[in-house]
Amino acid sequence: MTDIVTFGETMLRLSPPRGDRLERTGELDVQAGGAESNVAVAAARLGCDAVWLSKLPDSPLGRRVVSELRSHGVRTGIAWDDSGETRMGTYYLEHGGDPRGTNVIYDRSGAAVTTAKPDELPRGAVRNAEVFYTSGITPALSSTLAETTASLLETAQDADTTTAFDLNYRSKLWTPEEAGEKYESLFSHVDVLVGAERDIEACLGRSGDPADVARELADEYDFETAIVTLSDEGSVAVHDGEVYEQGVYAAETFDAIGTGDAFVGGFLANRLDGGDVPSSLAYGAATASLKRTIDGDLAVVTPEEVAAVVEEDADAISR
Amino acid sequence: MTDIVTFGETMLRLSPPRGDRLERTGELDVQAGGAESNVAVAAARLGCDAVWLSKLPDSPLGRRVVSELRSHGVRTGIAWDDSGETRMGTYYLEHGGDPRGTNVIYDRSGAAVTTAKPDELPRGAVRNAEVFYTSGITPALSSTLAETTASLLETAQDADTTTAFDLNYRSKLWTPEEAGEKYESLFSHVDVLVGAERDIEACLGRSGDPADVARELADEYDFETAIVTLSDEGSVAVHDGEVYEQGVYAAETFDAIGTGDAFVGGFLANRLDGGDVPSSLAYGAATASLKRTIDGDLAVVTPEEVAAVVEEDADAISR
Amino acid sequence: MTDIVTFGETMLRLSPPRGDRLERTGELDVQAGGAESNVAVAAARLGCDAVWLSKLPDSPLGRRVVSELRSHGVRTGIAWDDSGETRMGTYYLEHGGDPRGTNVIYDRSGAAVTTAKPDELPRGAVRNAEVFYTSGITPALSSTLAETTASLLETAQDADTTTAFDLNYRSKLWTPEEAGEKYESLFSHVDVLVGAERDIEACLGRSGDPADVARELADEYDFETAIVTLSDEGSVAVHDGEVYEQGVYAAETFDAIGTGDAFVGGFLANRLDGGDVPSSLAYGAATASLKRTIDGDLAVVTPEEVAAVVEEDADAISR
Amino acid sequence: MTDIVTFGETMLRLSPPRGDRLERTGELDVQAGGAESNVAVAAARLGCDAVWLSKLPDSPLGRRVVSELRSHGVRTGIAWDDSGETRMGTYYLEHGGDPRGTNVIYDRSGAAVTTAKPDELPRGAVRNAEVFYTSGITPALSSTLAETTASLLETAQDADTTTAFDLNYRSKLWTPEEAGEKYESLFSHVDVLVGAERDIEACLGRSGDPADVARELADEYDFETAIVTLSDEGSVAVHDGEVYEQGVYAAETFDAIGTGDAFVGGFLANRLDGGDVPSSLAYGAATASLKRTIDGDLAVVTPEEVAAVVEEDADAISR
Amino acid sequence: MTDIVTFGETMLRLSPPRGDRLERTGELDVQAGGAESNVAVAAARLGCDAVWLSKLPDSPLGRRVVSELRSHGVRTGIAWDDSGETRMGTYYLEHGGDPRGTNVIYDRSGAAVTTAKPDELPRGAVRNAEVFYTSGITPALSSTLAETTASLLETAQDADTTTAFDLNYRSKLWTPEEAGEKYESLFSHVDVLVGAERDIEACLGRSGDPADVARELADEYDFETAIVTLSDEGSVAVHDGEVYEQGVYAAETFDAIGTGDAFVGGFLANRLDGGDVPSSLAYGAATASLKRTIDGDLAVVTPEEVAAVVEEDADAISR
Amino acid sequence: MTDIVTFGETMLRLSPPRGDRLERTGELDVQAGGAESNVAVAAARLGCDAVWLSKLPDSPLGRRVVSELRSHGVRTGIAWDDSGETRMGTYYLEHGGDPRGTNVIYDRSGAAVTTAKPDELPRGAVRNAEVFYTSGITPALSSTLAETTASLLETAQDADTTTAFDLNYRSKLWTPEEAGEKYESLFSHVDVLVGAERDIEACLGRSGDPADVARELADEYDFETAIVTLSDEGSVAVHDGEVYEQGVYAAETFDAIGTGDAFVGGFLANRLDGGDVPSSLAYGAATASLKRTIDGDLAVVTPEEVAAVVEEDADAISR
């Protein structure tokens, strides 16, 4: 039985050197990045048997992504598209520094994954997994993907696979109203919800004390666990009616992209390893803090490193 | 009055280091490349006042292309698309070596230029030019562009601007039949035709002695000049009923991409400078041979360098 | 009519990687840098039609500089020196970190520009400009240049072109006394003066409250605008008898070189765009803060980025 | 059932840039390289389910190797050594050019793999494989490894797993006599022998017509297949009493290291896919020729690329 | 007469780019690093005639180290080992950032230096030196080296060469007890002792007020000078019964490795130049602070730079 | 006693990556290069005690050159110029490829060395050397240097130091007539003359059979040895009335710069080691052929590598 299966889009991430700008650069660093594969990599590195499902163009670029994920121990279930009609999604990342923000330019329209139908994917992998994870980015990418996302969540639910979902609202893909409506339609299939405080407010119209928000969501949608992540990157979880708070571990940030995914990957990996919710929140926060020190979307960490952060900073829970 | 105006798509060209492969690379070299801007750069560097027309997304990536072309002295007339609906075309180039071919992966679907309509472009620039150049790639990119290409050629013709057209058949964009039909529909607006022997055979169904082919084409479509480029990269031109042959200048090839465009740019620049057809063929061939020694699509050469090749190799005309 | 014409020396800037030292480095990053072209680039990028005048050796190195400036949209009016008697000025920049200072080694003696006479330069461009800008570096480079600088300022004045001048005292080029004498001889042709507090004290012997200093200078030399920049990089301007103060926008400094030029470029661009003095001071400060985050001498920014800094930090005026 | 299992040492390969020398370089390129993992990578990339067995230090360096192999789809069965007593083998590779030879400096003494005992390795993987492959390097590395190699070959033989063995004589590890004695002691467990003509002569004392040599070896040791590779890199095989000859495919050599392993990997992959010996020889030769164009030990190729070489060069069999 | 002779191991230091991790990196920066050569380089750069003694494999890797040390003006006295039995020690350095620590992986077992016997080394150089320096790393590397270290210290003592010794406890090489015993056995030959507060506590079992600890050590072992370096990197020295305290100079840390060696090198160089203990402590602290801003183990500084730090921060003595 | 002392200018050599062009490059490789230090490095690496004399600016750039030469074991005798009036000579090298030639741009005017007077240099080093070497570049750089060159040659002659001189005519520095006149004025102090066939013809007006030319020169100027190097890079020597011919060793050329200096360095090193003229010619040719495979001006070779070329190609003497 697989520990965790994730489904979503992964792009080639193209970045100029620090201090340089996209509009004059002569060189781009290449890495693979996408919320759901980021989660799979974090989980795999932390000891899980992790599988990432997606659809990719049958090209060196598609294989480039699989190659990088496999190097971290993630197995892949790919619908290879050799139609020549679709492309590899990319995103350009320009590192900033105050007052110049980090700039992300998505170039993902027409990506192969936007045409992925349930039957093209190894649905059995979802059924055999302990956890199935996807994020709110996936249904935003196309109506086909919205249906596929719903279908896979249902498949998981029917198979008693725990489902985890991170809102991951992306304003460049849809409006908060569109997102909120879709999120709510999926919630009946979701066991573990993760959402940023600001996404919850924008898309679900709920604000106030994060613990109250988490409790309300858990109650209304019958989530096993509801986690609200905060703007300072701490988090609050409600699980079985209990509230758990987790502060952030201080980090020198080299690259902030993928921090949230590292949190989710660390949280789920620890849960799968038998951790209780508060220990998993700490494990997720530690994974996220380590991620910040590493170039790229991926949490290239070891279980020992994460454990060391948790143990040395047992009192980092600041709230 | 402008010497030469060109119109077409320019992409970001992304290449891994030599010996590396796209499917594992961690680094991409970035340059601008496109047939018509390659011609404009060659012409500008060789002394022409050259302008490139196109449509680009209003983004750092679009500005990246303009920036590189401007650095070579090309002026640009851009329809900036801030709709967010279109993208920057890119192509991935993996350098090969026998028996592994150089691999080009186009990622140009949905590019801003495919939506370019005549009215968005500075049509006046075409009217004020001595020469207007585009290639057979442009009408292949979209039906909108096919119409725009025809319209701009007509505009040029009406203004007594000399029109030059390189077949540049791309099998990944359309069939030979589609291409041939379109080419023929444009020929009535074309003064100077350039075509590779194999493209002429595939799309126009004409083969045999290159001089005969050139003469037939010139006669049938009333071209002022018809140039057939050969598989060994020599060329044969028919101009005013005369046949001129030009051999290749030997070159150590560092990067073969853009060689044909360098030939056209060198040929037209010399014609604009008052050269007769045989001297312009030599000038084009010399520009092309220098291009081969330089990384990237662009002929980063000086008039002195081109002249030196022509003069030292006066007997290079081997046919 | 051109918005702004600048005149001065631009060098090749050669830098080892961060953390490395010139005396062992195996690699140098190459960029173009010079006060007056830095100002031209900032202005051009912020929407002005900007022209940079200079004299350069007719060599790949001279063309290297023009190429980079053109890539940012600056037009150039160059006296090309093919005598072989002069050279391309360079400067070596070693990035430091406390307690090791950033080290600049000028290698500019014998540069082509030091021989530039007024008649070699497109004096008409100065007459047709809204603003003519040069800095106190230019007259320090040679007696020829000192005369040329005076001559071009006079030309501008005669044509009702607004003249702007930044003291930019360089102790490696001349003494404060020499500089002060020359500055004062030029002030009768200057409309907008920019000077660092410490340069004003060292060369002009004036110190005390910056607003008082600015007012005294404006009164004595009849400057339209007098701007004193402070050691903390804020600024005080006196214009039409009014005093305006501008604080700095906080920035993570990646590369501090060129910050002052970015301030001037931003200030002048905004003035040319119709901004009043306080808004232009803010615009200049914002351009400077963005510059700090970018590698190289040049403010590779967009008008939108500068506006965002100004708007979000409306209360950054800390004095 | 696994297609192919290989066993042996893989090192970190450290190379200075081309044209540079180890004794002054400031930069090393890092890749994984080792005969048996090279074979596994080639086979995996050509469609096999391939597993590499070895022992590695439990460190980032050990994981670096696994990471790279996994990225090509190879699964690994590793005995992780956390004793801190062993190290990661490395080798330094300095690319040459006539008359300066390519220089390899092994730094493999004390490598974890030299302590690998059969019980530490997943012996079941060997039993479940179609093919088990190792080379003559492995038993040369330590007496422990010599025993382990023999033991695994026996295990394979007992399980009816086809065994393949490449002599790969390394003069820096042992004498020809030592090697020859060990080889012969292993031959009773070997089904497919591959040996370079010069190794066979040096270690086994057999020379003369390669076909005769192959036949003699096959007869004496009852090999199913005996392949002699030639100094010009062609090969001769004897299989079921038949002789097959294979020429080389011409290649522009970027990096010759790993060519022999690519040949074996291609040969075995094609055999496993049902190819007969002559077609597998061609497939191996094509894989090797492609490898030559690629940086590193590994044949980063696709089945389509190999097939294209074979098909276009059907008459490359030059002997 | 030589100013200073040092003896010990120097390794190749191999580092991935910042933000990257050893287990996925494709590139390693190469530098030479080792406590005793770091001291020699600092001393040589600050004006001393410095010689480094060691044993190295007779290979490009051994020459790589000598080459780098010589480039800084250090002379070398090397026992070249052409036995092929030993290797070049290396260490892998992965730069960290909170909460991920900088990671050092030693790969020094079997290094040539571990077999260095006194007679292989130019013992006369030790006799002719003003100062002989080695550190507590050297005797920890092998029993042979432990004897050689003792022998060379005796040789120095007999020749009235001042001996300096830095504890430099390395927990990966031996236990505190083993280290403490060895240290104490060497102390009778040591004139100047340097030890980190934490090493003194761990290995020598002495803690408390650093000045008291220094005084006790000086008294018990009759050290001419005893220096205790503190966790905040300040230091306390006892010399001729007087206590001297030195604070740290603030530094932006680019690379902390080698800071302690820079301190020792600066201290000894200033002593050799006639400085008294407090001025030499300041000089050492300044050298160390500059080192922090520079990539690599080595203090690539000039006497002028060190003097500038000391002079500008005369009141940096914060304790 | 020193084996060889050389005197001349060494520059920083700045090169863009292969395939790139100076006028657009963003990166320059830095190395030290100069005829006389090239000879010193070759000789030092081949076992000589070699000293290079020159004058350099007292700056990181000057120290950069000394650092690189020292790394190869060359000792230096430098007149450090801290006047701030002179500069570090540089040269820009753009690698070419047919038909685009390799391009060298000298930027050496005003270099410190042009002001070097005999009394500033360690004249004693010349007296204590077996061989003193300089080339015809040195007297061409300034009239001061012309006098210094003559003075040092005289000093050497008076001390019975063998003097060696390579014409090294540089047309960018002076006319053939000027050069010829100066050469002839120095010949009375020269023992070993090396001259390219074309330089001898251009500057000394002698042509015809190289052996005859060498003999004539040896006779007329009483050279101990006269060596004519040929356009195909072979050489002919006349020594004690005997003629010796040496062919070239075939080489894959990575970088041709410095080949002639490597020849001289190898020749002199072998002579100093007791080789006779024909063996030294072979040794020089082998050193030169190895140099061709190495990036930079310097022959980064070992005695073993040179010997291997000579031995394996004993019949390479093709004439």
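Going by the order they are written in, the chains are A, B, C, D, E and F; count residues from 1 in each one.
Rule of thumb we're sticking to: contacts are C-beta pairs under 8 Å (C-beta built on N, C-alpha and C of every residue); 3 or more make two chains touch, one makes a residue touch a chain.
For each chain, UniProt lists the protein as follows: A, B, C, D, E, F = 2-keto-3-deoxygluconate kinase.
Everything numeric in this text was worked out from a predicted model, so none of it was measured.
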Counterpart interface for C-F, drawn from A-D, B-F or D-E and sharing over half of its contact pairs: D-E
Remotest chain, chain D as reference, centres from CA atoms: C
Equivalent interface positions on chain B and chain D, same or different at half: different
Computed distance of Cα centres, chain C from chain B, in Å: 40
Length of the line joining the C-alpha centres of chain A and chain C, rounded to whole Å: 47
Whole-Å gap separating chain A and chain F, where each centre is the average of the chain's CA atoms: 63
Touching two or more other chains - residue numbers and ranges from chain C: 21, 23-24, 26, 67, 71
Chain contact topology (line, ring, star, complete or other): other
Pairs of chains, among all present, that meet the touch criterion: A-B, A-C, A-D, A-E, B-C, B-D, B-F, C-E, C-F, D-E, D-F, E-F
Residue ranges of chain F touching chain D (in the complex, touch as defined): 71, 249-252, 254-255, 286, 289-290, 293-296, 300, 305, 308-309, 312-313
In the complex with chain F, residue positions of chain C that touch it: 14, 21-31, 59-61, 63-64, 67, 87-88, 90, 92, 94, 103, 105, 107, 109-110
In the complex with chain F, residue positions of chain D that touch it: 17-21, 23-24, 96-100
Residues on chain B engaged by chain C in the complex (per definition of touch): 67-68, 70-73
